[in-house]
Amino acid sequence: MLSSRLKATLPRWEQIMEGLREPGPHIVDVLRMADATGRPAVQPRCGVGDHREMLRLLEELGTTGADVLTVTVDSHTRLGQYATAQRLLRDSPDDLNGYPLVTHGWRRGRELRGRVPHPLQVRHGSPDARDLFAIALASGVTAFEGGGIGYNLPYSKDVPLKTTLGSWQRIDAVCGALAKDGVLVDRELFGTLSAVLMPPSISLAITLLEAAAAAREGVRCVSPAYPQSGEMHQDIAALRAIRMLGRRYLGTDVEVFPVLHEFMGPFPRTPQYANFLIMYGGLTARLGRASKVVSKTAKESYGIPDAAANAEGILNTILGTSDLLDFVRVDEDRVAEEESWILQEVGELVEPLFSGEDLLGGVVEAFQTGRLDIPFSASVHAHSDVVPARDRGGAVRYADPGALPFSSATRSRHARQLSARTGAARRTTSLIERITRDINYFLDKERTVLPAIDERPLP
Amino acid sequence: MTADTGERLIILGVSESDAHAVANQLIAMHLREQGFTVINLGVCTPLSDFAAACDQHPHAEAVLIGSLNGHAYQDLAELPALRAAGRLRCPVIVGGNVSVGQDTTSEQRGRLLALGVDHLLADASRIVPLLDMLRSARNTHATPAHDARIR
Amino acid sequence: MLSSRLKATLPRWEQIMEGLREPGPHIVDVLRMADATGRPAVQPRCGVGDHREMLRLLEELGTTGADVLTVTVDSHTRLGQYATAQRLLRDSPDDLNGYPLVTHGWRRGRELRGRVPHPLQVRHGSPDARDLFAIALASGVTAFEGGGIGYNLPYSKDVPLKTTLGSWQRIDAVCGALAKDGVLVDRELFGTLSAVLMPPSISLAITLLEAAAAAREGVRCVSPAYPQSGEMHQDIAALRAIRMLGRRYLGTDVEVFPVLHEFMGPFPRTPQYANFLIMYGGLTARLGRASKVVSKTAKESYGIPDAAANAEGILNTILGTSDLLDFVRVDEDRVAEEESWILQEVGELVEPLFSGEDLLGGVVEAFQTGRLDIPFSASVHAHSDVVPARDRGGAVRYADPGALPFSSATRSRHARQLSARTGAARRTTSLIERITRDINYFLDKERTVLPAIDERPLP
Amino acid sequence: MTADTGERLIILGVSESDAHAVANQLIAMHLREQGFTVINLGVCTPLSDFAAACDQHPHAEAVLIGSLNGHAYQDLAELPALRAAGRLRCPVIVGGNVSVGQDTTSEQRGRLLALGVDHLLADASRIVPLLDMLRSARNTHATPAHDARIR
């Protein structure tokens, strides 16, 4: 499964198991506690090239109240370009947009793991993550993100789905073996996909298929992640639907922990507004009873956040989940209606695949025919025929469902919801203007909510 | 396709290490709506593929390369060599967020211009105006001042 | 009514009327618009000694989206110590904690008025504000804060209520005359009083009495202000009760605009938490349908806020009132119950006074016998026998209602609500510890919500 | 009341231009709970009233003056003159937020100490420990070092 060169650097399996059995808190403890208290665990994204800087970053973020910390892997490592990553680490580490875990190796990985009391998760985006997974396990890390679809289509240009589904099947098989030995690896599934205007039913259908494939390999702990759309009723409905779908399709021996990824779209420049949106994401996670929320930073639209910006993102997310907002209620009927639509659409997408024997083969074939698809796919292995759009209330609907096998009831509902948008907006603007405006949903709100003040140098 | 049949052909793609597809697909849609023929090479396109597309379409008005993940400089390292070998001769326009970290400082822009990038654009809405300006400059046969300022 | 020396400096009455009739927007236009849109107007507190600095401060805050701006008058001017104010203005203006409006005079007042498109309000705290009121009118300002009780008991040590009620009666009489001439002066009534753990029914009863007295002089526009307790259901109920009491006791020819003063108690030091509370205050104002909200700054516990801190306070308050939170619902039954209790308690406090002929005499006599009282009175003319306390949910109740004429039903309800507090808290801690902890309600929450991080120098 | 009947008497009040009563009333309650006799002059108390109270109660352990509205320095301007005239002889402790603006900088504290203020306390919980320390220093007849550090 691993390249022999890499295998040589790894410790013996018993040593790895020993590391994995060290006292927690383990990711699954944190996630179960979150469900028990109704307060989602908070996790920042963080990753810098230099090892010492990464240790310092984890230590500092560890004091902000975050419950889980992240090792975000750089782009070169995720594409297997270990030589480039090594060269950059040596010559200009600042030019790495993440932590080159393979180059640093498992001993330094263990040092990261041991430096903070919080569980670590490796986030990356590799189509073939077997090397990274091996080093993560050797480092004592039991939280690993990725899947055969979610870490292919949004990240890679031309890697066959059959290949990535196959490589992740092997990773899940290792997790299955570990589960039998009492070591639970939490497998987070990247339902964010291309992260921009992602229709909830596509995100939930794809993570459900990945979860089902993982469960068949013996995985016992999955975290389907859903990208915040920004319309509160739709987001709450989607998070609730994840638990319902888990019960309906994955049975009772797989623990399902819904995860909210805070709004991934372009971020406003005014610090107060950006911080407000980050708090808003925390509130969304709590109202939707998510087990975990991955926080943003106000620097989102600039580049890699520094420690201070990340800490501010964590604090504002925590405030959104705090008991100060426990008084908040929502229109339950409207949420229930959104949830029913999502459950119906996911059913229409996945049931044909669950009825076939060869799940993975069925998935590959569905993407070839467009019966599974995502908007803005980086990969040529999806049609990218699905065109999303926001309705008047801001919820993400299907302007064009492409070849997705939706019922006529589902298709006409989306058409009706989008036809109610202000006439002017629909007719005159071009597709790109309309989509860009929907992508910039929160930016435009900034202008209406806050006056056009220049970016004031506030304290 | 010859230059004077009025067909305006653009070669578009995202730099080698970058998989951000949203802007790429929106720009392709936008240019097609404006009447351009777009050869979209998609995400993670090595410079050599851009050069090959240039060879295949010598009358391309420009090569548009997007980069958002901050590795534009590494991805375009081969540009001087390719240009020295007489390839990728049409204007190379790079856009997006071209450096790791906060705003793109002038120093980082300087590095890219030094590689031979002809124009740097922060915003996709600047693309068509620039293409029109370059075409009119070419038609008046005035040698276009090596104008590399940010539009 | 005015000292001859001051009268000599004033312009002729026709000139004043001309200034008052200049095009708006006038305060009453802004307040009516707020009620129409359901979005409270936002107003910062601001006041510095030097005239040019004050102009700059108003201009800068004018660009932040605030709807009304403030001229906060310094302590010396409010106590009539014009010589001290003048000396400090000359020698060390930074030592003034407000704008010495009398020393600067009405011409400079008009310059402030003309420099920003927003209506200005004069806030001070003077027991006898006739000089300030004259100069405010001459400056073209038609929003004036204060009343015979609210600007006596919390601010002055030993000024008889008869005196202050009398001086404010004359101010209200001038407002009555102006109203007949079509110039509406908005009279804001300082229901915040001693601003710390103020029971809603005391705040609403006192501003209702001041409003009734003003209405009898012909005032047609009152803004009873209520201090945010921090418990959302109680605060919403109080703001709703203000409108109900206005209809019940003031009839239909007086416009009543409820105002929320954001939480006045000691403020947390963590900037993110302070900004969150300020946003929370904006949300409270919108959910309670307040016409206006007076914003705080994160610097609250340090001293006078600078322009940047004030601007940040305004932005965060606006975010709390924005349509991004329009999805928020509350437990309507719980709010209705709190409102019913408040209306009953206010009735028990004011109805004896409304039945007598001499309203003002009745009020003076009630304070002498404790049938009207406030906690923490600066003045010797109130008993300060009322001891407030927060119940388990954080709502402010009466631990000791002193001699207030509450029914036994009201008294036993408060006793029951406070007895449910955790036994330990009630038994062991001394009165001062318990009151200080209730005052520091939001500070203590900071420790439980955010980990004990040092005050990090965040961007 | 003589010093040795064990009665510990404190004169308390808020400085002349300051009407903040909450801390004042809480401190009075706290000291009474700790067995002190408190003469509370209340808010807006001119320095002359404090001096008169001292004359009336020569055995007062200390004069406690609170100031929150940032005008402590102006309100205590008369202290040197009163002290020169032999009045207000017992320790003067000033507390609260003693200067306009952000945190009380050392320069502002220096100004108050220069006036003759003996001790500056930011937090009321420091009052009783300071009073106990001053009393024990007096009882050992050692001349109390003019210790004006912030507790």
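Order as written gives the chain letters A, B, C and D; numbering starts at 1 within each chain.
Please note the rule applied: a contact is a pair of C-beta atoms (placed from the backbone, for glycine too) under 8 Å apart; a residue touches a chain by one contact, two chains touch by 3 or more.
Note that the structure is a prediction, hence the values are computed from the model and not measured.
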{"item": "Euclidean distance of C-alpha centroids - chain B vs chain C, Å", "value": "60"}
{"item": "Whole-Å gap between the CA centroids of chain A and chain C", "value": "46"}
{"item": "Geometric centre distance via CA averages, chain D-chain C, whole Å", "value": "31"}
{"item": "Numbers and ranges of chain D residues touching at least 2 other chains", "value": "none"}
{"item": "Chain C, residues touching no fewer than two other chains", "value": "none"}
{"item": "Chain contact graph, described as a line, ring, star, complete graph or other shape", "value": "line"}
{"item": "Touch relationships between chains, expressed as pairs", "value": "A-B, A-C, C-D"}
{"item": "Residues of chain C defined as touching chain D within the complex", "value": "75-76, 79, 81, 84, 88, 94-97, 125, 154-157, 194, 196, 299, 302-304, 376-378, 380, 384, 430-432, 435-436, 439"}
{"item": "Contacting residues of chain C [partner chain A, same complex]", "value": "63-65, 232-233, 270-273, 275-276, 279-280, 308-309, 311-312, 315-316, 318-319, 322-324, 327-331, 445, 449-451, 453, 456-459"}
{"item": "Chain D residues touching chain C - in the complex, by the definition given at the top", "value": "17-22, 25-26, 29-30, 33, 42-45, 69-71, 73-74, 97, 99-103"}
